[in-house]
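Before anything else, here is the set of structures, which you'll find just below.
In the two assemblies presented below, subunit A is common to both, partnered first by subunit B and then by subunit C.
Entry: the complex of A and B
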């Protein structure tokens, strides 16, 4: 019953909007349990649920769902980041109606993303990319602040252009192959690979996910959208929305439709390397905490893309692992940003200093997250970057491997400067009254830090036991 | 594709590329948010026409119709969301001029 991944959020969405007393109050717990169910379903992978092949919904509408090991990682990431975002939203969004709208839109985005992980049809993928993107536009502007509206509008225009490009590509593919399902399209593309239409279609389609995942040179909207959105939404955007509707769509298409032709590999590796370096350099100069995290996201997404571009099995495993790791540590860093926004009323790093003495949990978890981002052993980020670099080196891309390694030093540089300005040193005058965040946010931070530590320390052990990791690598 | 289909494709292709050029030019040239939105709309219309053309030339008219109807529904939702965003920008700024949207930089 794979369609449950789409149907359960859908029914949940209807249930919380029923005109019954108390339905709204249940919204948080219902959505939270949905995310927990999704996480459990993945962690207990070879269970009864995955064995049920009869799917009435899919049969009735004649949809083909397919799940591979990569989709399991996506489901797990969606579950974890969605839960974190929901909890942050509960504690940081001030208005009760805003919180309710936030939960509704989160469920809509969940439908879109889960569907993207399951579908095997180009046009349906376009539809659900739009569902995800539309809910994220509203999510950014959910509090109707001036800056948030500006970020949302930029994202909206650029993202709609990306959809138009993807749509034209779908039309060209329809012209060549007469269908939009993956199997037919992939066969037709192989048969007429020299045709101008095919080249144009592939180029147009690649532009779409590139824009959606904010790769350089299509990154213009990303820092604005991330920094202007409420922190709960930033977590969602950085952790899953841009990654599922951009990076994952790219992975899925390159792996199962377009194939690893030399041109596509070159484009991916070049865009990845450019994003890694540019994102890291731009992050160094930032004053705004969330803006710095946004540029860091560009850089880390570059690692995933470079791993995908390499194309070997090891590299794709590394990319998938980095997909998960990046979602976890970026969620943790954005949770830290949410705490600071709530307690200090600002995310300007020049107005902070020595906060570890006032917020021990926030300071320590942020340290763990940034060490993991920079790829310091034995944290989780180290393993995924190691896999990507080793895969690049063994397939003869020594230059790209060197870039990937050296950019880690840049990552360390900007995060060290951030830690020194925000958390270390003497407490800045005027911040004596700052307090640690509430229990809910502290528990979220500690839990995410434990996930990072756990994946890092237990990685060799997990390779053999945890279903998603095991299946991807072996 | 045979010869007549190719000819039909290029004939309509000119109009489609014209729509694309108009749309992109409209987005780039204007500072008015609503006009930029109209530019996006024209761009999507070009893509819609391309889908219809593809369905017609390959004999998949039913599939293309289903796609276009879905597409129109999505497009309407995009326009409503964008209209809402522009409305709130207007309420904050008293204008829908992109030159006044300068809070986010760096």
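Entry: the complex of A and C
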């Protein structure tokens, strides 16, 4: 019953909006349990559930679902990041109706993303990309602030261009193949691979996920959207929304529809390397905590894309792992940002300093997250970057491997600068009264830090036991 | 007790203790201090017992998990002994030194974590495991250099982190190149695979970048003098005795014990080492900040170690390894003396110091003894290591470079006498200064005495190191 991934959030969405007393109050717990269920479904991997072939919903709408190991990683990531975002929302969104809208939109986005992980049909994918995107536009502006509206508007416009390109590509592909399901399209593309028409269609469709995942040079909207949105939404955007509707769609299409043609691989690796370097360089110059994280996201997405572009089994595993790792450590960093925003009322790093002494948990967890981002062992980010770099090097892409590895120095540079300005240093006068975040946020931070540490320390173990990872590699 | 268990204890004891240090520190400072000391003494004892086992020809090789293995051969045990011994002394010294600063829990956490990573690095028999521990030492060194949290201190800590991380990443590419040719990250497998052919020059270059950045050798040396802003025991621990020796150790482990490099590297590395030694000796001449001066001296002395190891014949390598021990003892002593001077007088500029021998006689004598060892005056320990390196080099016919290194050695004598003269002799500038606390004085005094004893009883470490070199180079006893 794979369709439960779509149906449960859908029913949940209806349930919390029923005109019944108390339904609204249940929204948080209902949604939270949904995320927990999703995490458990992947981690415990009950064969009763995953083995059930008959799917009434899918049969009714005549669509095909398929789940592979990559989608398991995606489900897990969605579960974790969604839960974190929900908790941050509960503690940082001051306004009760805003909080309720936030939960509703989160559920809508969840439907969209889970569907994307399951679907094997170009047109339905397009539909659910739109579902996810629309809910995220509103999420960014959920508090109706001016900068947030501006960020949302920018995202909306650029995203619409992406949609238009994808839709026209679907139309072109439909002309060639007569269907939009993956198998048929893939076969048809192979049969007429020489035609300009097909090349145009592929190029058009690829532009969509490129824009959605904010790869350089299509990244213009991303820093504005991430930094203007409330932190709870930034977590969601950086961790999963742009990743699933951009990066994951790209991975899925390249792997199972368009195939690894030399041109596609070159484009992916080039775009990936460009994003890695550009994002890191731009992050060095930022003084807004969240903008820095946004540029860092661009840079880290570059790693996933360069791994995908390499195309070997090891590289894809590295890319999938980095997808997960990035979601975790970036969520942690945005949670730190949420704490800053809540306790200091600003995310301007020049107004902070020496905060570790006031907020030890926030300081230490941000340290773990940043070291992981920079790929410093023994944290999780090291292993995924290592897999990607080893794969690049052994398949002869020495230049790209060197860029990917040495860009870690840039990552380290901007995060060290962040640590110096925000946490590690003498306490800035005027900040003596700052308090550590509330228990809920502290627990979230510590839990995420433990995930990073756990994945890092137990990585070799996980490679051989955890279902999704194991199956990708072996 | 099986040797495998001992080996795991040596690595795991500090790493496990680290988890409890911040917790216990919340309740009792005393208990935390004792725990930190135990965390350093246990590996030392374990290594000491292991030393007898490996002398008998045992080489324990416990597989930790997932095929990542540790391995104790004589080289590793020697290095483990030196590091855990010096760490124990330095932690003992820290008790009083650090007792009136903030963030003490973090201090002990980082120092013990560093020791654990060091032990792990020394005993790892897998390049990835080695790299993991290598970077953990970088993290701890970053936190410790910026310990006092002033903006310019943190900037210097960031610099050290960035320089060493850059080198480490270059080294990682080198490791991946080796992986590509041999199909394994395991040192034994690599050795088996590369028995006949030397490894690619690019890989050597990249790995050397990592080694030189960690061991603060030209052109990656600038972070080390800057790192003098750390608390003095840290400077002694990280930047004189142990951390900078990581690079030297990995050089011996990879290029001497595991695979060969092309012949011309045996000339190139000594030349780089020489430039590093002579330039930093010159810098030590004009430097007036006491800790920076000793740091420059460290860079200079590490040049001698690389010289010995890169020459590559038995005598020079024995000298180079013995140098690690002798220099570790003496330089740790110098830094700890500098720490006492700095803390008691609040002055680091040697032009403003003077006549301290009257008020701090024990510290002065300890400083002098350690200086003699670094200078290489017989019968101090430093003499024998320097002698072995030089005579090994002459044996291989490197006359010019040996003569050049003699100049550097002569400069060492000059600048250390200059320091001693300016700081301890002459007119007393600050007569009210007293000797430091008994534990601190005891530590520096024992390091000073050890510098002398290690020279008089040089036969024992010499024999051990010689056996290690035989084992390493696969010679028959």
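The rule is simple: the second predicted complex is superposed on the first by the 473 of 474 C-alpha atoms of A that agree within 3 Å, B and C clash if a C-alpha of one lies under 4 Å from a C-alpha of the other, contacts with A are read in each partner's own complex, and residues count from 1 in each chain.
Throughout what follows, a residue touches a chain if its C-beta (ideal position, glycine included) is under 8 Å from a C-beta of that chain, and two chains touch if they have at least 3 such contacts.
It should be emphasised that the depicted structure is a prediction, and the values quoted were computed from it without experimental measurement.
Q: A:371 in the overlay: touching subunit B, subunit C, both, or neither? Say first, second, both or neither.
A: Touch status of A:371: second partner only.
Q: May I ask you to decide whether A:402 touches subunit B, subunit C, both, or neither, giving the answer as first, second, both or neither?
A: The second partner, subunit C, only.
Q: Can A:426 be said to touch subunit B (first), subunit C (second), both, or neither?
A: second
Q: Have a look at where A:199 lands relative to subunit B and subunit C in the superposition and call it first, second, both or neither.
A: After superposing on A, A:199 lies clear of both subunit B and subunit C.
Q: With the two complexes superposed on chain A, say which partner A:150 touches: subunit B (first), subunit C (second), both, or neither.
A: First partner only, subunit B.
Q: Just checking: does A:313 make contact with subunit B only, subunit C only, both, or neither of them? Give me first, second, both or neither.
A: Once the two structures are laid over each other on A, A:313 reaches no partner at all.
Q: Identify the partner contact of A:167: answer first if only subunit B is touched, second if only subunit C is, both if each is, neither if none is.
A: Only subunit B is touched by A:167; subunit C is not.
Q: Of the two partners subunit B and subunit C, indicate the one touching more residues belonging to subunit A.
A: Counting contacted residues of subunit A, the larger count belongs to B.
Q: Counting contacts the way the document defines them, which residues of subunit A are shared by the two interfaces, the one with subunit B and the one with subunit C?
A: Comparing the two interfaces on subunit A, one with subunit B and one with subunit C, no residues are shared.
Q: Which subunit A residues qualify as touching subunit B in the complex?
A: My answer: residues 123, 127, 130, 134, 137-138, 141, 144, 146-147, 149-154, 156-157, 160-161, 163-164, 167-168, 170-172, 174-175, 178-180, 223-224, 227-228, 285-288, 291.
Q: Subunit A touches which residues of subunit B in the complex?
A: 1, 9, 20, 23, 27, 33, 36-37, 40, 43-44, 46-48, 50-51, 53-55, 57-60, 63-64, 67, 70-71, 74, 77-78, 81-82, 84-86, 88-89, 92-93, 101, 103-104, 106
Q: If you look only at subunit A, which of its residues touch subunit C in the complex?
A: Of all residues in subunit A, those touching subunit C are 354, 357, 371, 374, 376-378, 382, 386, 389-390, 393-394, 401-402, 405-406, 408-409, 412-413, 416-417, 420, 424-426, 460-461, 463-464.
Q: Spell out the part of subunit C that touches subunit A in their complex, as residue ranges.
A: Residues in contact with subunit A: 65-68, 102-103, 128, 131-132, 135-136, 138-139, 142-143, 146, 149-151, 154-155, 158, 161-162, 165-166, 169-170, 172-173, 176-177, 179-180.
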